[in-house]
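Please go over the structures that come below.
Next come two complexes, and both contain subunit A; in the first it sits with subunit B, in the second with subunit C.
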Partner chain A sequence: MSNKTSLLKVILLGDGGVGKSSIMNRYVTNKFDAHLFHTIGVEFLNKDLEVDGHQVTLQIWDTAGQERFRSLRTPFYRGSDCCLLTFSVDDNQSFLNLGNWKKEFIYYADVKEPEKFPFVVLGNKLDVSERQVSAEEARQWCQENGDHPYYETSAKDATNVAVAFEEAVRRVLAMDERADHLIPTDTVKLHRKPRSATTCCS
Partner chain B sequence: MAAESSGKVVFELEGVFAHPSGDEEDTEEDFLVCGSLRIVEKDADIMMEFTPLEDSVDPSHILCAAKDSSSVMEWVQCGNQRPGERGQWPLESQQSYETEWDLINAASFKKKACVAGQGSVAGGHEQSGRFFSVSLSQLAAVTLRDGCCRHRKTPALVFALKGSSSLPSLHFHQGGSKELLDSLMGVATLSKCAEDESRLLISSPNKVLSQSFENLEDDNNFGLVHKLRKDPYVTTLGRFSKVTNYIFDAFKGTEEQHQRPPEEVANLLGEIIPGLEINQQEEPGFEVVTRVDLGTRPQVSRSAPVSADMWNGHQDQDGRLMHIARLQESIFRGGLCHAVRKEAWKFLLGYFPWNSTLDERKSLRRSKTDEYFRMKLQWKSVSEEQERRNSRLRDYKSLIEKDVNRTDRSNQFYEGIDNPGLVLLHDILMTYCMYDFDLGYVQGMSDLLSPIVFVMENEVDAFWCFVCFMEHMHQNFEEQMQGMKTQLIQLSTLLRLLDPSFCSYLESQDSGYLYFCFRWLLIRFKREFSFHNILRLWEVMWTGLPCQNFHLLLCCAILDSEKSKIMEEKFGFNEILKHVNELSMKLDVEEILQKGESIWLQINKCQGLPQSVINILALESKPRDRCDSSTESAAAAPPVAGALHRGDRACANSNGHLRAMDSQHLSKVAFMS
Partner chain C sequence: IWTMAELLPPESRGCNLFFLYDGSKVKGEGDPTSKGICYFYPEETPIEKQELLCGQLAGVGRCISELSSSPVRLLTLRRHKFAIHMKEEFFWALGSSMETPTVSVCELLNKIINLFCFYNGSVRQSYQLHSQETLAARWSQYLSYLLAGPSELHHVFSSLTTIDSTNVDPLLLLKAALILQACQRCPLVLAGCILFRGRVVSTQMSPDVTMKIMAHESETFKAQSPTGPNPSSLFGDAVSSTSVFLTMFELHYLQSAPVDRESWYRKQNTFQLKDSSLHHSLSRTPSDTVSSESVPSDPPSSQKGTLSPRSSASDNSDFSRVPSQSATEPVCPAPNKDASLEAEDKVQQSSTDDTFHSSGGDRSDSEHNATSHLSGEDGGACCGTVFDSGDKEHCNEEPHNGKLEGSNTGGGGTYATPIDPDETPLVPMTLYLHRVKGLVLALLVEPHFLCDQAAMEEVYHSCLASLNGLEAHLRSISPGAPGTAGPYIFAHFDCAQSTLTTNLSGRPGGAPERPFVRAASLLHSHFCNTETLQEAIIRNATTAVYGVRSAAQETYFLQYGVTLRNSGIPNHQDSAFSLPSKARHRLLKHGVNLL
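On to the complex of A and B.
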């Protein structure tokens, strides 16, 4: 049905230092820099990919994690198609804060049906040996908080990063299809923004 | 009826009674006009219209928007303070502003004249039909009142227009006030008025984001800056981005579906409207001018950095610096050689007083060293047990540890594992938490500290220099980020003066609030230039020359260079943000400094600058003859010393280069009124 490229906006949220920028950079540029600057403000990168025959441009938004910068990042939540809740497996506090991040996102993104919105949870820094959060704990949280898919990632050695983003895309597309079934369709999908000609890809 | 043109009706309610005077005490049946109220989306605007029931409306008394939907009208109420005139129709006058697109592009500053005596007094309350149609962008606030009619309490709403006038009060005898407010929320932003619980401030969403110079006017009622301006580009697209459509609990119990904790909503508003809480003193009343022609931009060149010899030559036997103003000007013009930085930065940042002797500085350092280690000991001696009970300290510490490991790590000084520079950064930031526990550590502060540690190579000196730097930057990092809001507004004001067409373009792309400059402002361009360029840029800015807030002119200089690309390639909101983010490390510091100074020279020579611009840059109020471009003598002999220095540190010796620039270009400055 669609040869058109859809633009999907996903946003990475989580405490400062859990590796949001590193995950994004690993995925988009396939590079890792352990000493990458912490993010000030908001940034985004684009990545083209194909998932189950759908051409998609992912627009990945990365934000500053510190509480103080909430006022800067929250206006950018609107229009997100998917939210990647990120913590670091070697930082229990960042795991405990997942719920707050989810709440903040739902509130400011003005999500109409939070229970249906696609969240994906990422437990990053799998490469670090001193874990503070077990996979079981994390899975349990995901199950209890809306049955979110959970991926343990390592931006450093590229484990599960692409898989997680692809899952995010699948979740969004599945949402769309469900919506499409409700409308008898010869119609063009209007709710999905066509990719803009002037989009600058990285 | 002319004004009842086609358009999408968003809201319609019959059986609304309009009462001409805001005064509820003499509500008599006769004064009430029954009619229907509508909110209509028309062309590029959203209008609120009231149409009386009676058919026989005298067309001569119809006040409505002209065919050009961007025209607005104003009702000006006169004598509303005088009890004797109670119950009379307000003086009405109509003001139509032609906001043609091309005019906006030329972005002239239009005088929003207060019309007095220009309108005709309508024939009193025997005049039954009173139609009004007003653009939502003209609404300033709505107040809930208990209207009293036939001794029944009915809700009444009074809409205040921008300026001091208001619409006839609307009485909802058959209900519907809640529905009206609900509908308004769909197309505009309503927010609580701090001073008056029953009052809601109205602003149209996109206008909230696009700060218009023109309407940054003082509203004494609220102490708020109304910088909201109609934006035809965006409204034409019909996209009212519903950034904040939340209403407060002013109308208690009636807005269930929109209720949110007020402080959260306040935060959201504060975030999205950078200037909402801005200190009124930032934007005093405007001197409105029709147009400021800035004339040509003078070329300037920069000089060689101040050498060690030159620096030493400025010290007397006691180590007291001499000819300070001249020295500062040299630093402004060329920066410092690296060898001088360690000493000179202490003066530039204010750690050492400029007029201190060597002995005085030695004793200062002794006491500051004691003070530093006293504070350092405080966090060093916190036991694990204590830390467990101190979540704030724990959070600061955890974030400092994370950020120190990701600050300038590609710089030789900080690279490698267990680099001693990292320990310095960590300890100084932790000690700063003890120095200012309320602020603690906020991301970005490690960026500000890193060059200072690099230059000082001494923990105590670096700490106190950092403290001085933070005094300038403190507001940026505070809870409400007031410094950021203020700077974004100020930058917008300057940009509006320099390049109104670019401003309009940015507004059309929802980028008029300049959030893409956030990183520049938060950490003074630290991430935009290479490490060594930042040393140069900061020492130049720390001279305080040539004017206050020179860094904002540097922002203008960068934007000036990027403007053509952004506009030609028709960048939208996302692309602008991305483009600006990606300028990082691609900018040339000398070029930007040069351009920034040129812009300052250009502005400083102008007459008829808006007061806001004069305040932001702390320009001297100029004697008439100096700026009178028709006076040849003024052009020939400008007071150069004052040209670079602010009044309090004017230097006696003028800079030859500046003199040449001034005489060459001053005569070219032309003004239109």
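On to the complex of A and C.
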């Protein structure tokens, strides 16, 4: 386990008005503002945390959900380590659009192996009494679309927000560890190269 | 005896000489002229030359103003002209070649003086507080900032440098404007602007004030400027602050509703235009008034702290009181009060202070001390102990205020009814800066904003994510194709916002552009001097430049590659006459509408 602090970029995607900015603000500043304006383009905040002994700086990118802001937000998908697909449990359409958001992300972030990329799904506005999307439906979608972890959150009363971000971090760290195992083979290759080079020259 | 012309630097273009001369230092027969020279630019000028110029110009200026009983604004020699400003015993001169429009020189001199007063307060008191060397360094900073600028055209029009809006998604400008509005939800925040790499992205302030704030971001300034105490280590290096001084006019402009502002500023601007000698704008020099009532009751040596507060002591306390009131209201009210309200305010004072302070539960002990320390006084500012160590100027203000309050009870009236800018004092304010790499959020805030931790955190956190995002957006914008030399040159000046749009490359000494810049500055001069002039064509054998202006804008246009048919007498086939229609068509795609 390394003591180095690593910077992880996670990005919140989802329809306009599902509460992406509120989730970010709740997590980083522990505040909730019911009268936030539409996000224009992208915004981000950093938060330091420790997950399973790893020091991590989480860079949380909040994006504009409205279609008209599309060209402003998509250039910032690249380099993301994790994507939080967000919908609102009181808005069925936002749930139905999850697939589109996933596609948009994979396309613009230029993800090499989409089936391995860590997505986390958030059903926000748990505090609202009239649900349009049941937890079962949401879980089923997650299962069928790559077995993504699913959290029901409320930015308003802080339910599950921190848990969801920590899970995102765990997924990324797990990915990295898998990648770490691959490193030895790569190093072997690097060692080989100079050798072959010398044979070439001699 | 040297003639004036011999004394002047041969370099022809632009402003090349500036000095501040204090006549009060040279009274007796034996007093050397050099004693009165507070600052002289270029600094390497031999002292004999400095003395001669200062002595002669100040002498001529004084003589003429006494003969004519009106202040001198301009002295013109054969090859040089000097914008002049006289106040009390101070005499400022800014010299330039004849080629520079008079309006531009006079405006520039104003700007230099105003910039000094913005960061230092009254000139007289600054010279009592600080050494001549310290202040010389500051004059030099202000000069180098104002004489730099991206292009000669920017000098001619004294325009702000803005980001290239043709390259930027308008939604990002909206984003910037919304960030500023969000900050204003805190009642202690007056107004702000957002700058990116030294250019304006969005501003809520008049061009004048914006320009002064931008000076703070210039490189020379950053290196040497005296910055105030770091408001809070909570925010690290990202946040800094410095104290500034606003004229009452500026303050009123900031406090008026945005709708009124535009018309107000226009009025101000057209007034300037009408007035060919720029009396009005010159009269806005803030130093003017302050020295007129320069605290005779407080000898400078008595107490260091009492020197810093400016003459507007009674007004100070009015302002300080406003936020403690509005803290109980969700929306920032226009904090204008007239004299009749003042008594009521005083009654409420103690109770509002209490609610204000108890609202923040996690206050430190020192702040509680500050509250109690102030409770006996009328000052209302809570800075008392918090900044004792860092900012002496601030803290010792209160007793001073209290003392003057009684003697100045009529002051509330002048505060409520502006505005002869010449007669209004300077109001201390704080410039709060939040930096995210190349992006700067600059806010004018009430001085005690820095003591209100809750308010500061609120403002900081409410805009941090958006500033991060805006910075990322602006950084990712690639600069547009530079200087695509089209078949025409244009320059469009927006008088209300003081912004310039042009397709000039801005390269120094671009040879084909010289005639255009000269023609534009000449036409600009004429437009300023002749109120009824709306359109003009200026030409030589090879080029013709068309200029058109309205109350809100000035536009200049030059078309290349047209063979001028010019027989010397008016001729309907003269190609110059097609310039107006060409300009209309060509400039539409630059967003300039001349129809």
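Everything below uses one rule, namely that the second predicted complex is superposed on the first by the 183 of 202 C-alpha atoms of A that agree within 3 Å, B and C clash if a C-alpha of one lies under 4 Å from a C-alpha of the other, contacts with A are read in each partner's own complex, and residues count from 1 in each chain.
In the analysis below, a residue touches a chain if its C-beta (ideal position, glycine included) is under 8 Å from a C-beta of that chain, and two chains touch if they have at least 3 such contacts.
Just so it is clear, the structure is predicted and the values come from calculations on it, not from any experiment.
Partners subunit B and subunit C, brought together by superposition on subunit A, clash. Of the two partner chains, both subunit B and subunit C are touched by A:Phe69.
Shared-chain residue A:Gln93: touches subunit B; no touch with subunit C. In the superposition on chain A, A:Val42 makes contact with both subunit B and subunit C.
Touching more residues of subunit A than its counterpart among subunit B and subunit C is B. Shared-chain residue A:Met24: touches subunit C; no touch with subunit B.
In the overlay built on the shared chain, the residue A:Lys112 is in contact with neither subunit B nor subunit C. Clashing C-alpha atoms between subunit B and subunit C turn up only in stretch 290-298, chosen from 200-208, 290-298 or 344-352, once the structures are aligned on chain A. Subunit A uses residues 37, 40-44, 69, 71-72, 75 to touch subunit B in one structure and subunit C in the other. Residues 21, 24-25, 28-29, 31, 33, 37, 39-45, 62, 69, 71-72, 75-76 of subunit A are the ones that touch subunit C when the two sit in their complex. The touching residues of subunit C, counted against subunit A in their complex, run 169, 171-172, 174-175, 178, 182, 461-462, 464-466, 468-470, 472-473, 476.
Within the complex, the subunit A residues that touch subunit B are 16-17, 35-38, 40-44, 59, 64-66, 68-72, 74-75, 78, 93, 107-108, 110, 196, 198-200. Put simply, subunit B touches subunit A in their complex at residues 241-243, 264, 267-268, 270-272, 398-399, 402-403, 405-407, 409-410, 415, 442-444, 447, 477, 479, 481, 515, 518-519, 522-523, 527, 569-572, 574-575, 577-579, 581.
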